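As written, the chain order gives the labels A, B, C and D, with residue 1 at the start of each chain.
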Amino acid sequence: MSEPLLQAVDLECERDERLLFQNLSFSIVPGTLTRVEGPNGSGKTTLLRILAGLNDAWSGDILWCGQPRGHDRESFHRNTLYLGHRPGIKPLLTPMENLRALMAGRRPVNDEVLAQALAGTGLAGYEHVPCRNLSAGQQRRVALARLLIADEPLWLLDEVFTAIDADGVQAIETLLKQRAAEGGAILVTTHHDLQVEGMGRITLGGGQCDE
Amino acid sequence: MAFDSFSAFIAMEGHGPYVWVCYAVFAVLLAGLMIWSVKRNQSALEDCQRRHDTESRASAKATGKAAASFTRVEIPQD
Amino acid sequence: MWQWFHKLGSPKWFFGIATRFMPWLLAGGLLLLAAGLVWGLAFAPKDYLQGNSYRIIFIHVPSAFLAQSIYISMAVAAVVTLVWRMKLADVFVKAIAPVGLIFTFLSLFTGAVWGKPTWGTWWVWDARLTSMLILLFLYGGVIALDRAINDEKSAARAVAVLVLVGVVNIPIIKYSVDWWNTLHQPATFKLTEKPSMPMEMWVPLLLSVLGLYLLFGWLACIRMKTEILIREQRTRWVKDMVLAGRK
Amino acid sequence: MNSSAHPLIKPVEQGVGPLSAMVAVFARDVRVAFRQRQDLLNPLLFFVMVVTLFPLGVSPEIGFLKQSGAGILWVAALLSVLLSLDHLFRHDFDDGTLEQLVLQPQPLFLLILAKTLAHWMLTGLPLVVLTPVLGVMVHLDGNSVAILCLTLLIGTPVLSLIGSIGAALTLGLRSAGVLLSLLIIPLYIPVLIFGTGTVAAAAEGAPVAGYLALMGAFLVLALTLAPFASAAALRISMSNS
């Protein structure tokens, strides 16, 4: 059970002639929540994008289930969920349509389940309102609704708590803990003061990392 | 020599202007390209040197970065 | 073989080799070019059809050759960039694209000026001139894209994709322009079948082509060295070299 | 493969196949476009206006228009496709849906192919439909209009496909629109030459089947190669942002 899902070995990334991190090695094991920490500009988002496979300006090794990630990219993408700064929500579509389109590439889900997921993020009644008429926090909630139906074991979440109110933050924290308890592996970056027992840390900014 | 005199060489039986304009533009552009490349190379070298100078000076008086304090900046009023 | 390949990709190794070869490239290039051009201008016999205006050929043909071979070499380097991510290959593409642009312009300009006494007009929508004009656009696009992207690695890879797309298109462009030319152009402007060149014209042409290729080699070396200096400023060997150079 | 090492890991086969993922991408793009119909009309209006400029700017003489009509329509169509290309990835890039697209398990070039086809259906195809009307306005005869429509029908997808490479390369850059035109116009030249050349050949009574076959070959070539190039370019642009 504790075989790592994702391993980074001697990761190094340079951006705009600035060394963000080097010799960064860590493993993401099922059933854990790991927080990436560091001041602004220390490369938290870049690290998550590298791990998700969006940024390929890095050197070192990234292993997926013990194999280099490139060997089985499809399996990696199928089993990884990434939520970035930009929520991936089309303003012209309704929450329902957005969620349906996002799921369509991964796992088809019927509308009833989608509606439940939206309701679970507090968007009941807004399913058919174009997203541009929703607030920033509500738009983020549409993206977060994916977390309620996602079957991917690895979650990479960049600044999940942005624009979310205090109650929402509480609920999401509970969700993440629950998911980790179920055996999911979660990597988050946040400026919010997240306190979870047994939480792993990856600290950027000094060039070192302690797990 | 394909020409009888120097002036015939310049005139090229009326085709002189065309030929000479071509050669002049060619020479100017080629020489310009070469000079520009050499200049760029030199300035890159100088940049490197300057960079290393400032780096060695900076490391001589290595100080930690001050943490952001978000204090307001007082503007002196004359 | 692989070791050699990797060595070739190392900027430091290239820097040393380039520094050693550059004086020879420069001297050889200048000498051959000067010999070819003086010979072509003053000593080669005049062409019985075109008179003296043909002497433009001694710069027109070498420029056109270079313009095309630079694009081809960029395409080869682009493949190396995308497949093996060799640093030297992106440096090469970035360094020589402006050189290619200038030689393309020169071949167009000399072609146009040559056209005036030969065809009686500055510009003819002749198949070869038109293809060259499109090549100029392709070079322009490559340089513009390279300038527009700030991050050097992304710029190199984006440019490599563009260069490859361009090189796939070049034969298609050439073919379509030839076809378009026969469709629209009655044969009035076509040069009559070229008589086989006499030796006295051929040799100076060969000399100037060789000379310009050597000079291009020199230009490529110095421009690549500049690029390497800019990119590798912070590496140990550049620091050591800069410090050693100052003493 | 030790993908089964973890019970939560889903085998790829349990996901969504490439074809249904393509259909989903296509459907979403069409739906978004119909929510903002003005954006669909803009390239068409541009097309009509550019065509109008020629009789006004050059000559309304029937002889001139008959001779250059096909060329004018082709150039106008090319420009309006070019104008619309900037939007192909930009909105998706800004709102983050493009990130999610790149991270889908299906091959990226297929998803991009679906996006490009949606783009063609929403811009290229309406241009073809509008062509007969404008063809009559520039005094083309019936046969020429038919051939012109046929060349545009084969040619506009090629324009969209090649354009997608440029759109992917210039994604996220300043002044991307102008840069996109600079990169792409040289690559459009063969399509333009054969598009107008075919109509000219038809007007002279020459057989055109060979030319149309050649344009078909361009289309096949673009269909097979352009999505790969766009996918590679898109990954590079993503990496840079």
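Quick note on the criterion: a contact is a pair of C-beta atoms (placed from the backbone, for glycine too) under 8 Å apart; a residue touches a chain by one contact, two chains touch by 3 or more.
This is a predicted model, so every value here is computed, not measured.
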{"item": "Pair of chains joined by the greatest number of C-beta pairs in contact", "value": "A-D"}
{"item": "Chain closest to the middle, measuring from C-alpha centroids that were averaged per chain", "value": "D"}
{"item": "Chain whose mean Cα position lies farthest from subunit B", "value": "A"}
{"item": "Chain centre separation (subunit B, subunit D; CA means) in Å", "value": "41"}
{"item": "Cα-centroid distance, subunit A relative to subunit B, in whole angstrom", "value": "47"}
{"item": "Averaged-CA centre spacing for the pair subunit C and subunit B, given as whole angstrom", "value": "20"}
{"item": "Multi-partner residues of subunit C (each touching 2 or more other chains)", "value": "151, 154"}
{"item": "Sites on subunit D at which at least two other chains make contact", "value": "239-240"}
{"item": "Chain contact graph, described as a line, ring, star, complete graph or other shape", "value": "other"}
{"item": "Interchain pairs in contact, sorted by label", "value": "A-C, A-D, B-C, C-D"}
{"item": "Subunit C residues within the subunit D interface of the complex", "value": "82, 134, 137-138, 140-141, 144-145, 148-149, 151, 154, 157-158, 161-162, 164-166, 168-169, 172-173, 175-177, 179-180, 183"}
{"item": "List of subunit D residues in touch with subunit A within their complex", "value": "1-3, 5-12, 14-16, 20-21, 24-25, 27-28, 31-32, 35-36, 91, 94-97, 99-106, 111, 235, 238-240"}
{"item": "Subunit A - residues contacting subunit D, complex", "value": "1, 3, 5, 30, 52-57, 65-67, 72-75, 77-80, 82, 84-93, 97, 101-102, 104-108, 130, 151-153, 183-184"}
{"item": "Interfacial residue positions of subunit C with respect to subunit B in the complex", "value": "37, 41-46, 51-53, 55-56, 59-60, 63, 98-99, 102, 105-106, 109-110, 113-114, 116-117, 215, 218-219, 222-223, 225-226, 229-230, 233, 238-239, 242-243, 245-246"}
{"item": "Residues on subunit B engaged by subunit C in the complex (per definition of touch)", "value": "1-3, 9, 12-16, 18-19, 21-23, 25-26, 29-30, 33-34, 37-38, 40-41, 44-45, 47-49, 51-52"}
